[in-house]
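So, here's a batch of structures to check.
Here chain A shows up in two complexes: once beside chain B, once beside chain C.
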Partner chain A sequence: MTSGPRLFSILRQGSILIASIHTALDDSQLERFREDLIDRIGRDRAKGVIIDVAALDVVDSFATRTLRGIAEMARLRGAQTVVVGIQPDVAFVIVQLGMDTGSLVTALDLEEGLTHLAATAGASIGPAR
Partner chain B sequence: MAAAGRADSSRDRPSPAEITALIPLVRRIVASRVPDRATADDLVQETLTRVLAASGRVEPGMLEPYAIVTARNVVASLWRDQDRQRRNQHRVVDLRPPEAPDEDVLVQEDRQAVAEALTRLTDRERATLLAHEVSGQDTRSLAAELGSTAGAVAAQLNRTRARLRVEYLLAVERTEPPTDRCRPVLLAISGGDRRRQREVDAARHLLECDLCARLSEPLMGRGRAREADVRVPVQSDADVVAARSAAREVASGVGFPPTDLTAIATAVSEVTRNIVKFADAGEVVIEVLEEPRRGIRIVARDVGPGIPDVDRALRDGYSTYDGLGLGLPGARRLMDEFAIVSEVGRGTTVTMTKWVGER
Partner chain C sequence: MTGTHDEGPRGVARSEAPRPLDGDEEALLPELVAHLREHRTKLRQEWVSRIREENLLQAMTSQEMSAETTSVYDNYVEVLETGSVAALQQYARDLSERIIPRGVETHEVVGIVLLLRDVLARSLFEKYQRDFGMLNRVLDAYEPAANRIANTVAVSFVDERERVIRQQQDSIRELSTPVLPVRERLLILPIIGVLDRERARQLTVQLLGGIRTHRAKVVVIDITGVPGMDETVANHLVQTVDASRLMGASVIITGLSPDIAQTLVTIGVDLSKMATIGDLQGGLEEAERMLGYAPSRPDGAPMP
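Up next is the complex of A and B:
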């Protein structure tokens, strides 16, 4: 793996993992992100996952597919995923591309995402017991 | 015993044995200060010589301390010399490039190559070129002689020079181009004629032909500056990101609104990914268009296996690898114009265009 600034970070807040992508990722970096995140869900016994994609200026077919894959894998591992921070231009392009994003749960921003997880997954942002 | 006897005979001079006995000591002192072994050996020799020379003046029993001090002094003067050299080094630097031994030969080869290249021109081309370049005849008088116009003569001279550059490079390399396509491609590149380059599909040929790829480097260097094309070689995942950010940057210079920038970057991402997935190597060329309107054209070409059924590849849901099958049709929806040419076994070229202010 190349050194340099971190491309993404995965932070824990109570039983929720907050995964932020910091910069444009290429395909293998996205795959690494997916692996790291799924791994962390198991280790941290997370109930909810928030993926912040606000820094992505391009969400193409591969990125959409990877996000859907993460959500599905997380669901199988017992966690609910919310994607937050999709930029308006990016949303426009995803629709034009014709991507099926029906299975992805999304929220406008981190706050909305946390609210959603608290309501549906019973995930708390307090310290784990 | 013999040594002791000799020492007795000349009391004031130390015997060679006594000097020899100093060697390990001197060597230890010098070695601890000078890491380089060859230099250290030199300094040990130097010290012993000095001790030997001074031995007559040294009081008996004081030889060892004398050797120690001498060794230290020798090392110190080495350091001083080195320091002085370092400080003055810039004064002795000769900035004139050294005359390489092979320079003469190279000049001669060069001359031969030019002569060789000249013989490959037609008689008329050569005569006109030499009259203009060597005799200094201007285009107007040349035109009068040839029954042509000054502009036409200038254009012809340009073509001849382009030709000469190509033939010169071939003569220097002492090769003949491997295919019939090489010469027209090299000529189009040398002349900087973009329409002609497109006609002969120069870019694709350069991907396929090693010789032309190499020869085209010096030829392209000439015309590159005035052309705004951005080329991104594509081989790995990271190049996909590089290609799409390059496209976004060029497009933002053209004046596209932000949503279009995202659309262009995404389309580039899709077509570039296909190069990485299916072909060994390829490139993305981003070109700014002024006619008939401002816009951007992106050409993604590869030397890969090609797509057997292009129509099917453009249908949603078609995919040969683990994807959504939306690469090509998605990119087509994002751009205004989209063309794909693929030849099985040779490669694929996707050309897509977006105009400022469409839709």
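Up next is the complex of A and C:
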């Protein structure tokens, strides 16, 4: 990682990974984010992943594609992904520009995302068994 | 008396560029003002009777008329004297604010100012009729100032009117897309009237903002009251539904009229991602089911 403030953080809580993006990432930073996150899924044996993008006020097509890719890869490695905290403006721009969000699961905020994962993936925030 | 006058060129009354006056004209305006002050009561009454004849300002009672005409007259003479229209502008704006709600029209306001201009000009004619050269110079001094006053009053009135109209448009816009939280996490957006682009945009902003503030999970958009929509608006609606999904809320559209349904299918909008239910009642039942409430059916049997 380059010096300076961290651009994203990946925290483990029970069997769920909570990845929050702190600031707008450029393409290479996004790739780095993807690699770190996919790597952590295997290491932490996560069942669910939450990606918090509440801090982003711009999401471009590359970011959309990357998020979709992460969800797909996570599924292949045995974890469900929920993207949370998409801002109203961002949501509309994503749709308006016709960026394909595919099967991306989204929720309003972190709390909603956790509820969703608990219901569908059986992932819990308690200590991993 | 003040010695400087900023006289605009004749007819172009807004120009504030001061034009140097020769001593003769400079002396004329104060004389003119003194004349108008002296015959204030008579001229004002003449003016009022002319207004009556022309059937202007019928919305006003005679007391109001008398009060307003007095102050307009005094302001008028003052502007002639000082050449400064700022005070008149302020007064015209206040006046407009008072009379616009009473239905006074632009032609009435312009009409009364032009009448006053005419009444005063006639009195000047009368006074200087024996000295033609003098009359000419008096009118040269009077007319640009009078034009500027007429222009200022008219412009202030129209400005004020536009301000009122803008204000009303804003409040109509706000009223036009209410977002109603009916239950925890359930929003209803009843839409009544034609959905044009601007309103569709407004709808999106309100809806997405509403989802955020109310933490909504389900939104019911009821378009029973929408008579029709074009392709752009239909597409916009589909996009709004998609954007809501990205924010974690499901949208149910209810009350599609036969006309709209036909339009949507004919123009080929992709509706596969839209959940639609016949009427608002059905939509609310479905929404409550999605939220895990168990609404009882009319027959009393609980929903599964």
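One rule holds in what follows: the second predicted complex is superposed on the first by the 128 of 129 C-alpha atoms of A that agree within 3 Å, B and C clash if a C-alpha of one lies under 4 Å from a C-alpha of the other, contacts with A are read in each partner's own complex, and residues count from 1 in each chain.
One rule holds for everything that comes next: a residue touches a chain if its C-beta (ideal position, glycine included) is under 8 Å from a C-beta of that chain, and two chains touch if they have at least 3 such contacts.
Just so we're clear, the structure is a prediction, and the values are computed from it rather than from any experiment.
Upon superposition of the two complexes on chain A, no clash is found between chain B and chain C, which fit side by side. Considering which of chain B and chain C touches more of chain A, the answer is B. Judged by the touch definition given at the top, the superposed model places A:108 against chain C, while chain B stays out of reach. In the superposition on chain A, contact of A:28 is made with chain B only, not with chain C. In the superposed model, A:96 makes contact with both chain B and chain C. Of the two partner chains placed by the overlay, only chain C lies in contact with A:86; chain B stays clear of it.
After overlaying the two complexes on the shared chain, residue contacts for A:62 are found with chain B alone; chain C is out of touch. Annotation: superposed on chain A, chain B and chain C show a minimal Cα-Cα gap of 6 Å. Shared interface residues of chain A, touching chain B in one complex and chain C in the other, are 88-89, 92, 96. Those residues of chain A lying in contact with chain C across their complex are 83-84, 86, 88-89, 91-92, 94-96, 101, 104, 106-109, 112. For chain A in complex with chain B, the residues that touch the partner chain are 24-29, 57-62, 64-65, 87-90, 92-93, 96-99.
Of all residues in chain C, those touching chain A in their complex are 204-205, 208-209, 211-212, 215-217, 239-240, 242-249. Contacts from chain B toward chain A in the complex involve residues 237-238, 240-241, 244-245, 248, 258-259, 261-263, 265-266, 269-270, 273, 276, 316, 323-324, 326-327, 329-330, 333-334.
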